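Each chain carries a letter (A, B and C) given by its place in the written order, and its residues are counted from 1.
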């Protein structure tokens, strides 16, 4: 009892620290990455190579006055940013960082993660509606229709992984992929699954970019059209929490991709599995998110939705059927 | 995707694309009546940067108007300089030496490339691609450095005078311009075309958006890349040549589709053609003075005068009425963007908001030029 | 093109006009010539034809120009304070084909400047006429939306008038 209580406390502090450090320093990564892609330097003044920049930004945001405009819905306006952060941090509880490092290995962790993602979507809607600003409402409506449309193919592809691994427990899924990259779900050489798994990976990756509202799918916060979208009326820590929530969602998305498709904490050649491989994988994926954002322009809202409803959903359904058939046959 | 929209009176709302907005390039206000995401009615409201340049022209002498010319379209200020110099030189009968004409053409074409680069950067920024801005500004910085050496300004040039230009160009400028053209030609295929022009997201975003027919262009008086993107082959440098443009061999790009993609391609090709003109001008540059004989106090003959030059945005006209005094009696600046923007109300009906903004970006608006 | 337009426009003016425009005409010094069409030197003046018409003929001229395929480039106003007249200048041009620029001028009394609108012929005139109204106070009859365009809506002055003191 005592050990488990200490353990729980340790995990609580550890996850909060991991989440906090990531949310803050991912901002630095993004700005440096963007700068290098744009042939600039990026933050270089605050601290060595600009590493203290997130601290400076955080301090600035915290010292600003939280302006609540007249005519907003008081409670919802204040609750929405908090609601955006909560699912992201809570999702960290079920992610297996390594064989023995993981706060909770729940039997239905996949289901939990998607339920929490939907709460994040509601936070955008509430933030946009409570602002009482026409731009914010348009942006929130776009955000909700986009998130809804992209959750469906995401879930369908995750079901294929669950079918292959035989469990919804993230730790179990990662355990079935141990022993070298040929066992990873993205390749999955046995039983003919290599035909379908890479399609699942691509669809899942596109959907995570869309779910986290990153360019080229950032309709909800399209800067040049809707000023700052649903975040227009938020200042100081309200804005800070939305941004941190977005970065944490990216981290959760990357962790999920790594666990479901890339073998979790496994080394590519099966030698020394451990938490550092997990971290390397998620940071490579996060760098890809950043790279994509700064290379492509934005799509239009109906093309975005067409991509999901008319292309990704039929493909993921077909994928699911083929996977199920292969499992039945072999 | 323009779809006729049923207007239900209680379902539309008015969205103010206000004077402060990241996508309106300057202080332009557009009152959009929206039905969800569709634009039902678009009404541009002008005048937020109106400074009454025409009255300033009447109050001062002819030569005192040169700084004003640069402040209107700050992106192609040298063309505005050129237009004003042309009309007054016509009225007063002032001769311009050949070297000055060549220098005028070289600097105006360099400025045209800079203007198109900035248009490209801002257009992509509107569409959500943040990176091309930095690539375009890298090249633009080289042009501005070159022009700063001889004119002294980076953006608002008052370089020309009646009878020529006030400062001669030197060998370093010529060598720098040749280097710049080589550099831009090297960067264009990969950085500009491979990365952006052939990007599937961009193509889907601007193809078939903002269709403007040739007849609409004629009725609204749209000129420049807007008209050339709709199939009208009209470029003042070819149809109504002025200065030494007849000496150069260049093409006028014309595309027939009339959508934003056509206007985009017109401007990209125009950049290449401008580089051709500059190269030929540098090769043929004669020696001689750069300033002709002009009286100290200019009093042109009374009458009605008009001159037109081709700026990056279209045909800029100066309608000058002189009464024999030392101030212009009346100057009307026919701003190309003013006429291009009058299309917006009719074409934007039924478009999605994002498409309307992409269309506005493809029109290449510079608001101080509209408001003068 | 020039001759074709000349012939089309001359129909509007039954009395013959003088052969060439005297220099400096229409200003304080020289008297106004009669209504009619004259050819002007393009190299000096920038337009091929100069048409002086009565205010009520403006729409007919615009319709002829539309029929011949011209486009309306600009509408400007001039304030001739000494003669107590406003002059409205219409610039027509051709987009492609043979090049021809036509200047159409009309004079209205300063106390009651009323000109019929051409915006139903050329929609470009909409904004140009609003600007002329804004700067001079010239009323354009039957204009769909004659409100100020560049100055604030509640301004009560017309700045380009020669007797305007800020």
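Assume a contact is a pair of C-beta atoms (placed from the backbone, for glycine too) under 8 Å apart; a residue touches a chain by one contact, two chains touch by 3 or more.
Bear in mind the structure is a predicted one, so any value in this text is a computation, not a measurement.
Contact count check for A-B and B-C (C-beta pairs in contact): higher for B-C. Ranking every chain by how far its Cα centroid lies from the centroid of chain A, the top place goes to C.
Note: centroid distance chain A to chain C, computed from Cα atoms, is 64 Å.
A straight line joining the Cα centres of chain A and chain B is 44 Å long.
One finds 26 Å separating the Cα centroids of chain B and chain C.
Residue positions of chain B in touch with at least two other chains are not found. Across the assembly, chain C contributes no residue in contact with two or more other chains. The residues of chain B lying in touch with chain A in their complex are 1, 13, 15, 21-23, 37, 124-131, 133-135, 138, 195, 199, 201-202, 204-205, 352-355, 357. The touching residues of chain A, counted against chain B in their complex, run 34, 37-40, 134-135, 138, 215-216, 218, 222-225, 227, 294-303.
Taken together, the chain B residues at the contact with chain C in this complex read 46-47, 50, 52, 54-55, 58, 87, 90-91, 93, 217-221, 223, 227, 232-234, 239-240, 301-308, 315, 317, 319, 321, 323-324, 329-330, 332, 334, 338-339, 342, 346, 371-372.
Of all the residues in chain C, the ones that touch chain B in their complex are 23-25, 27-30, 43-47, 50, 69, 71-74, 76-79, 89, 91, 93, 95-96, 99, 101, 103, 105, 122-124, 126-127, 135, 148-152, 159-160.
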